[in-house]
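We just call them A, B, C, D and E in the order they show up, numbering each chain from 1.
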Amino acid sequence: MASSTAGGKAALERVGESVPFTRRDWGLLLVVPGVILFSSFMLYPIFYLFYISLTDATFAGSVIGGGAELTGLDNYVKLLTDSQFWTSMSVTWLFVAVSLVIKVFVSVGIALLLNHARVAGKRYMRAIVIVPLGFPAIFTITIWRGMFSDARFGVFNVVLGRYNELVQWIVSGIDAAVFFASVSAPQALLVDIPIGFLSGRWEAFFAYVVTEVWLAYPFMVIIIVSALQDVPRELNEAAMVDGAGYLHRFVNVTLPAIKRPVLFASILTGATSFQQFLIPWVFNQGGPARQNELIIVYGYREAITFNEFGLSAAILIIAIAFIGVFMYFAVKYGRLAEGVDDS
Amino acid sequence: VTTEEEPDGAGQDDETDPDGEADSDDEAATGQAMMWVDMLEAEEDDLEDYIAEFEAETGHVIDKEAPGGELDEQLETAIPAGDGPDSWVWAHDWVGRFAVREEPPFLYDATDDIDVDLDAYTGAARDAVQFDGGLYGLPFASETVTLFYNEDMVSEPPETFDEMVEIMNDYHDPAAGEYGLSYPATDPYFASGFLQAYGGDLYDEGAHEVGVDSDEVKQGLEALETLFDYIPADPSYESQIVAFADGLAPFAINGPWELGNLVEEIDNLGVTALPTVDGNHPRTFSGVQMFYFSSMLADGDQSTVDAITDFVEWYTTNEEVVSNNADHHGYIPVLEELVEGNDLPANVQAFAQQVDHGVPMPTHPNMDSVWIPVEEALSRVFDDEQDRDAALDQAAEEIREQI
Amino acid sequence: MADVTLDGLRKEFDRGTIVAVDDIDLEIEDGEFVTVVGPSGCGKTTTLRMVAGLEEPTAGRVLFDGEDVTDIHAKDRPVAMVFQNYALYPHKTVLENMEFGLRMSTDMAKEERHERVREMAEMMGIEELLEDSPDELSGGQKQRVALGRAIVREPEVFLFDEPLSNLDAKLRTEMRAEIQKLQKEFDVTAMYVTHDQEEAMTMGDRLAILDGGKLQQVGEPTEVYENPVNEFVAGFIGSPSMNFLEVTVERDGSAVRLTNRDVGFEFELSQEYVTGHELADTTYTLGVRPENIDISERITGEETMTATVEVVEPIGSDNYVHLDVTPDFLARSDPSIRPEPDDEVGVDFREADIHLFHPETGKDVFLSEREIEAATP
Amino acid sequence: MADVTLDGLRKEFDRGTIVAVDDIDLEIEDGEFVTVVGPSGCGKTTTLRMVAGLEEPTAGRVLFDGEDVTDIHAKDRPVAMVFQNYALYPHKTVLENMEFGLRMSTDMAKEERHERVREMAEMMGIEELLEDSPDELSGGQKQRVALGRAIVREPEVFLFDEPLSNLDAKLRTEMRAEIQKLQKEFDVTAMYVTHDQEEAMTMGDRLAILDGGKLQQVGEPTEVYENPVNEFVAGFIGSPSMNFLEVTVERDGSAVRLTNRDVGFEFELSQEYVTGHELADTTYTLGVRPENIDISERITGEETMTATVEVVEPIGSDNYVHLDVTPDFLARSDPSIRPEPDDEVGVDFREADIHLFHPETGKDVFLSEREIEAATP
Amino acid sequence: MSAIRSTVNLLYGKLVHFAATPKRFGVMIQRTIYDVRTGQRSVLDVAKSVLMTLVGVVMLLVLLFPLYWITTASLAEGTRLFNTAGIFPDPATYNLQAYHWVVFESDFFFVDGDWGYPQLVIGGGGLIPLSVGWAGTETGPGALFNSLYIVSVTLAAGFLMVVPGAYAFSRKSFIARKRILYGYVLFTQIGAGLSIATLVALYSLFSAYGLTNNLFILGLFYAAGAIPFNTWLLKTYMDNIPVSYEEAAMVDGASFLQTIREVIIPLTKPGLAVILIFIWLAGWNEFIIAQTLLSPENYPLSVELYNLATEGRFQTPWTRFAAFANLFALPVAIVYFMAQRSVESGLSFGGMEG
């Protein structure tokens, strides 16, 4: 018995030596099912998409029906010479950058407030402030479209109207008080309503950004709040004893301590912004005049509206590549994969 | 989501049973067909009742489903995959676009399967359901935009453009929140009547020519510009309809789908044809609601083809159905007999008149490239960013580039 | 350089349910090094934080050079503080850490600041570390940087909150000497908190012993060691701890004997002692330090008592002999005396080395009232 | 109850670039208490983990009672381990923590397990804590629970990895005695890792000193203290540390003198010593322990050398006198000897107390080869 | 059963705690007044706190305005969303018709709101000759059940893949570990937009393998998309749990599986709570793919919601849409509500600061 097990073991070891998989590697077995599932539902379609991008597929039917022919890199060449592609790329990056900057400021502000010693009921506020996370994006985005409605009776236009009234009221108050001079509301202070939020290029862009910020802030706030709670109190006190006032303490102690989590959240939400589809699509389908077509919308529209499936696939492959590159650098320089190296 | 009732009540995972083997040995083969719709709730409810009536009469089975979302996108993926419906309901503007599809085809030419005489339908409707000699469906209603007015404010509906302007002048006072007109005037579909009033065509289907920059259209835009001054300062649909619905404007230009809502909000609602411009009737685009025949029928059983064609023929030619639809949903009949007959409800009558003056929306695929440039041109003119000639020239150029 | 006065300082937490610091009066002279010592939770940190301005006193005042600073914000007090876990800014280099205080509290030019930091770093032997970030440093180096950071600002008052407790024994001894040397060199007033009585003993000019938020005794280390005013101080100061034994006063004519029959203890006090102090006929706690206990391996019958050896711990320079008199009764003997466990040995000590603590007040009855007064402010 | 043998145990990390443990041979007898001591990173924890089965040796074997257990999984070895941070399961109560091992490794009924745990808890004085969760406990209580958890399983080998390093000084002393008592009571073989030499000295039957993964010396505490085989051990064991001084061998006829002109040091070896050992004409490191240095406040001219006092640290029972001979040159003197800083004092010591370490090997030349052999297995 | 009971208890406790908020608020005010009276706090000090708290409240109001607005709208079925009278509907018109519509007319619970009652059916096909049928309804269960089915599959598959994977990444070293993990990190964010990007490709693949209109496969698909991010998140969390707990268990004689059950899982709870929510949301909220792959009788809630949004020709039926969405978000809100503490601590990346 003993000898046979020993023999079996030796044989096993011999087999073991021939494959690069040793007893220590059994952890791989725990990972493999996930990798397989992920690959078959995520990676495989990407490869397939890449294949489509090399064909002349025109509409969905030619993809599904198999009527497309390989055309090499034609689609990519076509794409790179299409001005709409460049418009789309630049507006996408602009959208990512602008919304990210605002997101960071807003979220840090909220998080600071919700972590401030003087705010009573912080825990409740923290629970409430992230409520938007619980609603489906299609719902909240549709609401925002309603809020940004071009309609003069849309929420923002009404609010701006109230603002105008307020300005005029104040000015007339001043006018009444300063009776020897006649004062009228300076035009610079008044807003020209209604603003067509969804029909002007920059107005629409602004609306996208606001909505994107609103969608992303809960996640950022949770992460920043957690980070703030981890800032050692002693560091703040050390700075206090060192003679630093609130602002200096914020810059020198708080900010550096939350830098990594903020960076982390920024990378994640930045990558999501890059793939934002619903906001432009629901708001005005990337309009007006395709000026705000974020990259995924562009790809989607090429496929669905213009029946350029091959081209659409090429766009999306490029978008995926961009995200990949973005994540790669983010991971590398943001040290996101820090945990990767230690075991 | 509506499914045919299931004996076991599970309601899942049972698909159309296209051949209906069990039934085939009964008498004259009854078939089963699937139809997709995207309608308002009330419309859908009525349709369901009619289907039940039809099923009871014939023994055919019609599965009606509402896939939701954008119907054309659903079709784009479902038909090539072989999961598409046998028929669907939509306006006629997709006929051209789908008829040109090959490999796989999207539509089914039912010329040989249809028993009704096409002359039973109005000329416009007849044209709408055919493309390049193929018959791709049957029409059951048409729609277009026309003039609504508030009888409390307007005693006599205007016949001419000038009369209308006169009345609007009485009411238009934006500072007090009152306006002359509710009109999503930069939407080409809504604006088409005035733009084409002088005989110009945005897109000439016969000659395959873009007419956006023709002199006639430019002239039409001049009239439209007059109306721009009387509508709330932003031309979006919601802004516009609210002004009329809240009783703050004497006129609205809109379609029959608003009839139901507006009747509830305006006590004395009147509807009439659009007033003449320089003696010309505005030529609004009209849409023809139709049942499409899907390419699914080509591979399917003859019984399925029979089921769907029988139903569509029955539905589109049944006077009771058609006049009921006209009463309840403002559907403008396209059945020659009824249109002639003059016993339509007054409101529908007005729409029918306007359809008469109008032109069917072009169904050619090129039309897809026309809408957005024109809308943007109108917006630029509305915002005083560009004068009308330049705007239309630019739009025409953009369209030609895309085509 | 300032003298620091704590005047009736008191701190309550949670609406008075916790009294962390209870009316402390303490005067620290200019340039003096005072260590504050006491068991965990006795209020040391709280006291220090009130001096730094990080905690607002519930009552009482803090004065620097006679000036009331109680209402002055931490950032405006001329103090520097070294924290238990160093509290180095993790994202700043050593140089930046050290110049931060200067940058905040002075308007020195950058070069000047760097100059100062560099000088200080040289003095502390950390000049090669200036460009490193704190997490590249070892514990001792971190400690040095924290010290340097505090000193470079030339504060008038220097506060330490258990700065060495995270270091290992060797480093601790080293850093202790360094801190003392620096303090003397800069001649700055220092307040040093620790729970380690050995540290407190070796470092301070004076020792302040806290317990339960109350100041127990203030004095020079040897003074406190030799004349603890009460049982708490006696037990707390000194390592290994003082041995305690319940004794009863028995009078036999003019002779007064302290006895504990349970362990066979009997000790006759000399006349001199008896007349010098007032003894009630009650139970006292007798205290005697391990090093004052003589152990004889041969029993002569002359000794105060005999006891059985439990364990002998050799620590090289001495042996700790655990005796079964009370739990933890310990004698410290010469390494040459090495009884085996279970041996019976003789136990002796001199009258001058014993302390007698009152059962209720805990005060040492052998100290005069005057002596106690002087030692407990 | 088992004896434990480490046979040529070796552990490499990162493909051999780090040799954490370097061919260690060690035999621990049944019921023996061996402490493993050494500076941080010397491989103590790694050694212990190999004994526990948590780490696979690169080479060598671990034997329990002569039986090779190297390939046996940790869960099947009859060992219990107390971790540095206690590793109490935070989501389980104290009772559940303590019964966990029993539940896993035996098929005792629930009542029986609880019975056992309750008995153990009573013994350790933690019976009231059984329903508490670990984060409600103080450090000492946690330590007790961790101990209890380990003992209740009645393991044959008991492993401790710096179990006391998170406790404060007082508690540490207390827990030390407790661990020793328990170990004796259960008569279980124990291996105790610490970097604190005092802990190692007082606790173990024997001491194993590690440095750089290599075993330096194994022996009884006093033996190691008195006869360290090399400079490392000499410097590491004993607190305060041994003083070291570079000396040169000077021969003057048959007289041999050790000198260091820089500090005015001159010491003549007796003939006996000179003949007993072989001395090369080179530089040696002379070592002498602080307590073996005699300080005389009056200088007579007879002394080995004179030195200036830097600081005097009174620790109550003794005074530490820092001298300016080398940095950290320390003498431990009677409390009665209290020179002032900057005083010039005489420094003396006995020939028997000095150690001479070879400049290259670091070995004590006064020990015979045989003695060294015996001490370093 | 006990799991259900403890969940209910937890929920109950939370509700009680929540209900007692006004009382705690009162106590806080009383204490403040006491403190001011006894001079422990100055009026200025209190004023500062009140001011800061007010700033917080105002901020919340601004941030949550859209939800508030739409909720008021959902209470005013029968009026237009935009009207000339103002932003909010006239409170006089408030009614619950929209909710009534969702419950009793829409497909939310039952197709066409036709409620019935559950019934155990003995016999029938399948592996187990027992199935839950539905009686008294002509139409059958609605979108909620489809959603729950999808989410169950997603959660089950997700946990089955994510938890062991994260554990292996955190604790084991094996070949290709670094590469796979790196790949996962790269792919954490590609999921969301990717599904839209690959929509048609997906459809054609699914239809080629006959996997369209299959709720189970769809659930798996969502799980697949959630794997990289959640594995990585959980791994980060596990990294901060000292290994010594497992080692202690091992030395205590626990086998691998026992260690997992007794030590790892309980210690990882907050992390598990976080991925529970994320994986849940992955399956619960997605609608684009669901709509493409499923046929109408299998639509989950998210698709129904989307269809509602696009139902009108020129306008959204806002009131019903809002009512539907509010009910739709309710389960997520409940889950989150119960797990809030865990989620907050589970998302604090111990290794992230500095």
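The definition used in the following text is that a contact is a pair of C-beta atoms (placed from the backbone, for glycine too) under 8 Å apart; a residue touches a chain by one contact, two chains touch by 3 or more.
Owing to the predicted nature of the structure, the values given are computational and were not obtained by experimental measurement.
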item: Each chain counted as touching chain A and chain B at once; value: E
item: Most distant chain from chain D by Cα centroid; value: B
item: Centre distance in Å when chain B and chain D are each reduced to the mean of their C-alpha atoms; value: 93
item: Distance between chain centroids, defined by C-alpha means - chain D, chain E (Å); value: 56
item: Shared interface positions of chain E, touching two or more other chains; value: 81-84, 200, 203-204, 207, 306, 354
item: Multi-chain contact sites of chain B, meaning residues that touch two or more partners; value: 77, 80-81, 238-239, 242
item: For chain C, residues contacting two or more additional chains; value: 90-91
item: Complex interface listing, chain A residues touching chain C; value: 232, 234-235, 237-245, 248, 252-253, 256-257, 259
item: Residue numbers on chain E that touch chain A, as the complex places them; value: 21, 25, 28, 48-49, 51-53, 55-57, 59-60, 63-64, 66-67, 69-70, 81-84, 86-87, 157, 160-162, 164-165, 167-178, 180-182, 185-194, 196-205, 207, 220-221, 223-225, 227-228, 231, 235-236, 239, 284-285, 287, 302, 305-306, 309, 316, 318, 321-322, 325, 328-329, 332-333, 336-337, 340, 343-345, 347-354
item: Of chain D, residues touching chain E in the complex; value: 52-54, 73-77, 79-81, 83-85, 87, 89-92, 100-101, 104-105, 149, 153
item: Chain A residues within the chain E interface of the complex; value: 20-21, 24-31, 33-35, 37-38, 40-42, 44-46, 48-49, 52, 60, 63-64, 110, 113-114, 116, 118-122, 124-129, 131-140, 142-144, 146-147, 149, 151, 153-155, 158-159, 214, 217, 222-223, 225-227, 229-231, 256-258, 260-261, 264, 267-268, 271-272, 274-277, 282, 296, 299-300, 303, 309, 313, 316, 319-320, 323-324, 327-328, 331, 336-343
item: Chain B partner contacts - residues on chain E that touch it in the complex; value: 80-85, 107, 111-112, 116, 133-135, 137-143, 146, 200, 203-204, 207, 212-213, 215, 291-292, 295-299, 303-304, 306-307, 310-315
